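Below, chain A partners chain B and then partners chain C, in two separate complexes.
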Partner chain A sequence: MQVEEKKEFTPLIVAFCCNWCSYAGADLAGSNRLNYPANVKIIRVPCSCRVNPLFILRAFQRGADGVIMCGCHPGDCHYTTGNYYARRRMTTLFSMLDYLGIEKERTRVEWVSAAEGVKFAATMKDFAETIQKLGENRKLRDLRCEK
Partner chain B sequence: MREIRELLVNKIKELLDNGTVDRVIGWKAGEFCYDVTPAIFTKDDSFDDFLFNGFCGANQSKYLIEETKAPGRDEPEKGKILVLLKPCDSYSFNQLIKEHRIDREKVYALGVPSKGMLDVNKLRNMGINGILGIEEDGDMVKVKTLYGDKEVARKDLILDRCRCCKGSKHVAYDELLIPEAEEWEKDTTDRFAEVEKLEQMSAEERFDFWRSQLSKCIRCNACRNVCPACSCRTCVFDNANSGVAAKVNADDFEENMFHIIRAWHVAGRCTDCGECSRVCPQNIPLHLLNRKFIKDMNELYGDFQAGDDTETKGPLTAFTKTDAEPSIVYSRGGDK
Partner chain C sequence: MQRIGVFVCWCGTNIAATVDVAKVAETLKSEPGVVFATDYQYMCSASGQEIIKNAIKEHNLTGVVICSCSPRMHEATFRKTVQAAGINPYMLEIANIREQCSWIHKDKEEATEKAIILGRAAIAKVHLNAPLTSMESPVVKRALVIGGGIAGIQTALDIADAGFEVDIVEKQPTIGGKMAQLDKTFPTLDCAACILTPKMVDAGSNDKVNLYTYCEVDKVEGFVGNFKVTIKQKPRYVDATKCTGCGECTTKCPSRKNPNEFNMGFDNRGAVYIPFAQAVPKVATIDPDDCIYMKTGKCGLCAKVCTAGAINYEQKEEFITKEYGAIVVATGYNQIKPTEFEEYGYNNYKDVVTSLEFERLMNAAGPTGGHLLRPSNGKEPKKIVFVQCVGSRGQSCRDKSYCSKICCMYTAKHAMLVKDHYPDVDVTVFYIDVRTPGKNFDEFYRRAVEEFGVHYIKGMVGKVEEEDGVLKVQASDLLANAQIHMDADMVVLAAAIEPDKSARPLATMLTASMDTNDFFTEAHAKLRPVESPTAGIFLSGTCQGPKDIPETVSQASACAAKVIGLLAKDHLLCNPCVAHSNETLCNGCSTCANVCPYGAITYEDRLVMDKGVRETRRIAVVNEAVCQGCGACTVTCPSGAMDLKGFANRQIMAEVDAICR
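Up next is the complex of A and B:
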């Protein structure tokens, strides 16, 4: 008789980071040898404004358990105003996901500057813990994308 | 209604005869008396089958995209087209002009009055079946059925969307059929009441609600095709390489996705005309998705009615430096 081993759940987290602040922040966390969870997959985007809300849905479809978007602090955008637009988009999208009954903790926006390596690591750690507690994303998964 | 139809036909004939327009989008009976379909009439057509009644709910604005911006280069230059706009249609008309989808120069807009459109499903829910003919007579509606004649109060048949009517004032027109149209006696239902009810539920209840609604979707694309805000030249769902274009849903995710994405694409541009819910063969309350976006944006970024004018920027194409942070979502809504 075979007993199936129960694997511990490790969440898959997608982080969209803007090239100018948050990605540099992640870089700084790296060069400072700060630890942050390895299951955070960073996708570099030119600006937080580049993040089409559909990217977030797509990430969930492809099996992400949590999606976090990081950008320059409002007012500090490399392109002057990009993150202001992103802020409105994400606010309305998150509100809609909540309205549809998707756990609202699964999505988050955090502003991380290039100098905030410590904040980046802490944010990712905290987000990963939240998702770990929430468990697997079942509500927005796509069976076709499962391995 | 019959008098208004006479008035309307006379006006149309006058405009066709004096050369202001060379064709008109009107309404024609479909297979049944209650599935009235938009149709083009020209000078040479007989207006005997031209209809104007409580089932002319279809928003004609969207047809103008095709009619005024025909891509065929070999086509001869067409003259102006006459469009009949109900007050709520004129918002979509404005919105499409704002988005440069309609050539305003090629349209002559005639504002027609509306006292709320009718919903045939309400008749069916009353147990009235086998409908052969429907005649509106003032406050009453006479229904001829296979099982005899019935009479119903008009106000009991009003479409849900008309219960939250935006008013009988047109926001765009070249001419009004009845210049001083009086306000009709409508219910003043709060259009966000249903949205609020959902917001008060727990996340699980909301998820179950939407699952039960959206799982009815058969991906007929009627909501998309009728929506005046869904006017992209190529729709994201028509991507032939995706392998799922124009096919029925493969699983839950796709139903969810289709409707979230669609609601998102029209957010900030949706005039809340309610056509999506009216045409849905499965009676999914799709307007509740759009209204959630409208409610959120009104609360967070100030009141905005898409299509009020042709200038103002929509809430998602503007910003202020003091906008709420996305984390506000965690502290709003019923389920905390």
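Up next is the complex of A and C:
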């Protein structure tokens, strides 16, 4: 019987960032050289309301250990109301995921403005630490996708 | 299958120091569809762009992935590059490996691996990109300037100079703003009124400039080139077209106990008033809260003395709707009332004033005719203490975290003017740092110290208390490491400046972003300082950050140049990343139209061919000129008929898959 060497777990985190606030906030974190874990990968969307719950399910299905969605602060949406829709959708989705066994801590919504580079880096650091503690997500992973 | 080229930028050492660029290019070469991959020192340079163009032609590329800085930085540059080489500008994707990779990670292996994954995601997306063409929309050749201070006036005059119509909306009865209240201006000691009022007159008489004073912006619709703005004209209760500005009513008005805002409440005005002698337009305004006739129905004296018959107590607010190609925000600042800073005694002692109040006390047109007198007893002060950084550069919740920028210089000015008019008055300034970066600024400050003998003490004031009509100032001298107890007749607080209160609701109307201090955010801190990230919205003056007059005027003119550049175009290219509905999937349920913030979705009966059946169905149709591409409809659509071009479901899914691979 072969014993596989146990590798240290590094979580995979997908971050959806709206183009106007959070993506710019992430850029600012970069310009200010604010370090956060490399396992956070950002996907740019025009607005947080563009994030389809299916994208988040897909990420979990394909092996993401945590998904975070960042948008403009409520009231500051570039498209006036987009983040309100996003907030409602994510609240519903996350409670449903929690019910299905994807812990609430694995999903998060955070409002980060274009000026909040520090907040962006701190949020990502904190989220990555939380997921690290939670360990691997196996619940939704599609077995057919595994090698 | 696409033929994709991958270009990895070193950005000098910005990327190359932490990311193994050669390895990234080499690894991405083996991705499906990639036929060419290379790395180069500066992809955005002329020679870098040449490499991209040559590769497109040589390898017949259909899609391009550039691994470089943020797309917010150079997406537009590279779109032009690929277009010049003959492929659609939207067949380009950028992997952000600088701001979101090399700059934040120190471990080279980790950063290289992340750069490869980000590159993969971009390649996966480009595979699903489709050529997009921008629609054209016409530009309304008229600009709106919100705020009629020096910033708004300068921007408006410069735009008018280029031959475009411009409207100024000002909420006060006159234009002029804060600068009209100032006495002298640093570093030349020009009289503020002497340099401002001619500009006010210019704005009032220029036939390209329309003034909407005592007005507010009520509603903003539309987008760059085609804004539709509703302006609310507040009732003046005076017919502005008839009023000659003679001032007869203002002297006869029996309601006299209303604090005069222009003089910071140091004297009173009538219920009907003209803010100051050089007001533009010089038209009286009745304050309905102070007017005896409006409150009791008895009086009407102003109507009796007005020979022009301009008084109209029945005036109602009016709404004016106009179209604009560009909107300039010039809402300016206010000085905070230091009521929360109880240690300085501003709430309790009349002789503790803010610097803007002091400005009125020094002004020849002010309540004391330019004679500096103590507000408490009307006597000349012998000792004056200035306190800097009141509410600026602090960490507590009552403080602003930023430097208000103008206080060091105007305090030096005040100190100098006091010493100039009253050489025997003792002037002391308490400071944390003296910041004088500006042309002739440090020379000015040194004159205050060396020539006029103003005492500068590094340290903060801890307490101000009044005893027998004398202010007892307790402070620390940080350089001498000593506690100081000092008597003063007046204490002047350099209170922080903050954006005008109207800025926040206005930003919401304009969908322009603000920072946590309510200053408007610029599109790029260095390269696009006078534009908001929202297309067609421009920033002028202190609404963007603390500024002195020279800086405000330069920014105002820069802002005008940008507006002129926009208005000079006949057509604008719209963002082609808009929603579209798949007519075979759409069932016309109206869910999408309900969430659209722009009203871009309408319904039409269309002949649809579905599964071999031809039938007429009600389907959603997106007006591409109105759609701004937020994507709210795409997620809300229950049948999955709505999708967003450039950020399609399949594209984002492909990115997710590539990242999670």
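We adopt the following convention: the second predicted complex is superposed on the first by the 142 of 147 C-alpha atoms of A that agree within 3 Å, B and C clash if a C-alpha of one lies under 4 Å from a C-alpha of the other, contacts with A are read in each partner's own complex, and residues count from 1 in each chain.
To be clear about the criterion, a contact is a pair of C-beta atoms (placed from the backbone, for glycine too) under 8 Å apart; a residue touches a chain by one contact, two chains touch by 3 or more.
Here the structure is a predicted model, which means the values were calculated and not measured.
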For A:Phe94, is the partner it touches chain B (first), chain C (second), both, or none of the two (neither)?
first
For A:Tyr85, using the defined touch cut-off, is the partner it touches chain B, chain C, both, or neither? Pick first, second, both or neither.
both
Figure out whether A:Gly75 sits in contact with chain B (first) or chain C (second), or with both, or with neither.
both
On the superposed three-chain arrangement, identify whether chain B or chain C touches more chain A residues.
C
Quick one: classify A:Ile102 as touching chain B (first), chain C (second), both or neither.
first
Touching partner for A:Ala29 - first (chain B), second (chain C), both, neither:
second
Do chain B and chain C land on any of the same chain A residues, and which?
53-54, 75, 81, 85, 89
Inside the complex, what are the residues of chain C that reach chain A?
70-73, 96, 98-101, 103-107, 110-111, 113-114, 117-118, 121, 507-508, 511, 513-516, 521, 533-534, 577, 595, 597, 628-632, 634-636, 644, 647, 649, 652-653, 655-657, 659-661
In the complex, the residues of chain A that touch chain C are 12, 14, 19-21, 23-24, 26-27, 29-31, 33-36, 38-39, 41-47, 49-55, 58-59, 62-64, 72, 75-82, 85, 89, 113-116, 121
In the complex, chain A residues that touch chain B
53-54, 57, 61, 74-75, 81, 84-85, 87-105, 107-109, 139-144
Okay, in this complex, where on chain B does chain A touch?
195, 198-199, 203-211, 236, 250-251, 253-254, 256-257, 260-261, 263-264, 267, 289, 292-293, 296-297, 300-301, 315-317, 319-321, 323-330, 332-333, 335
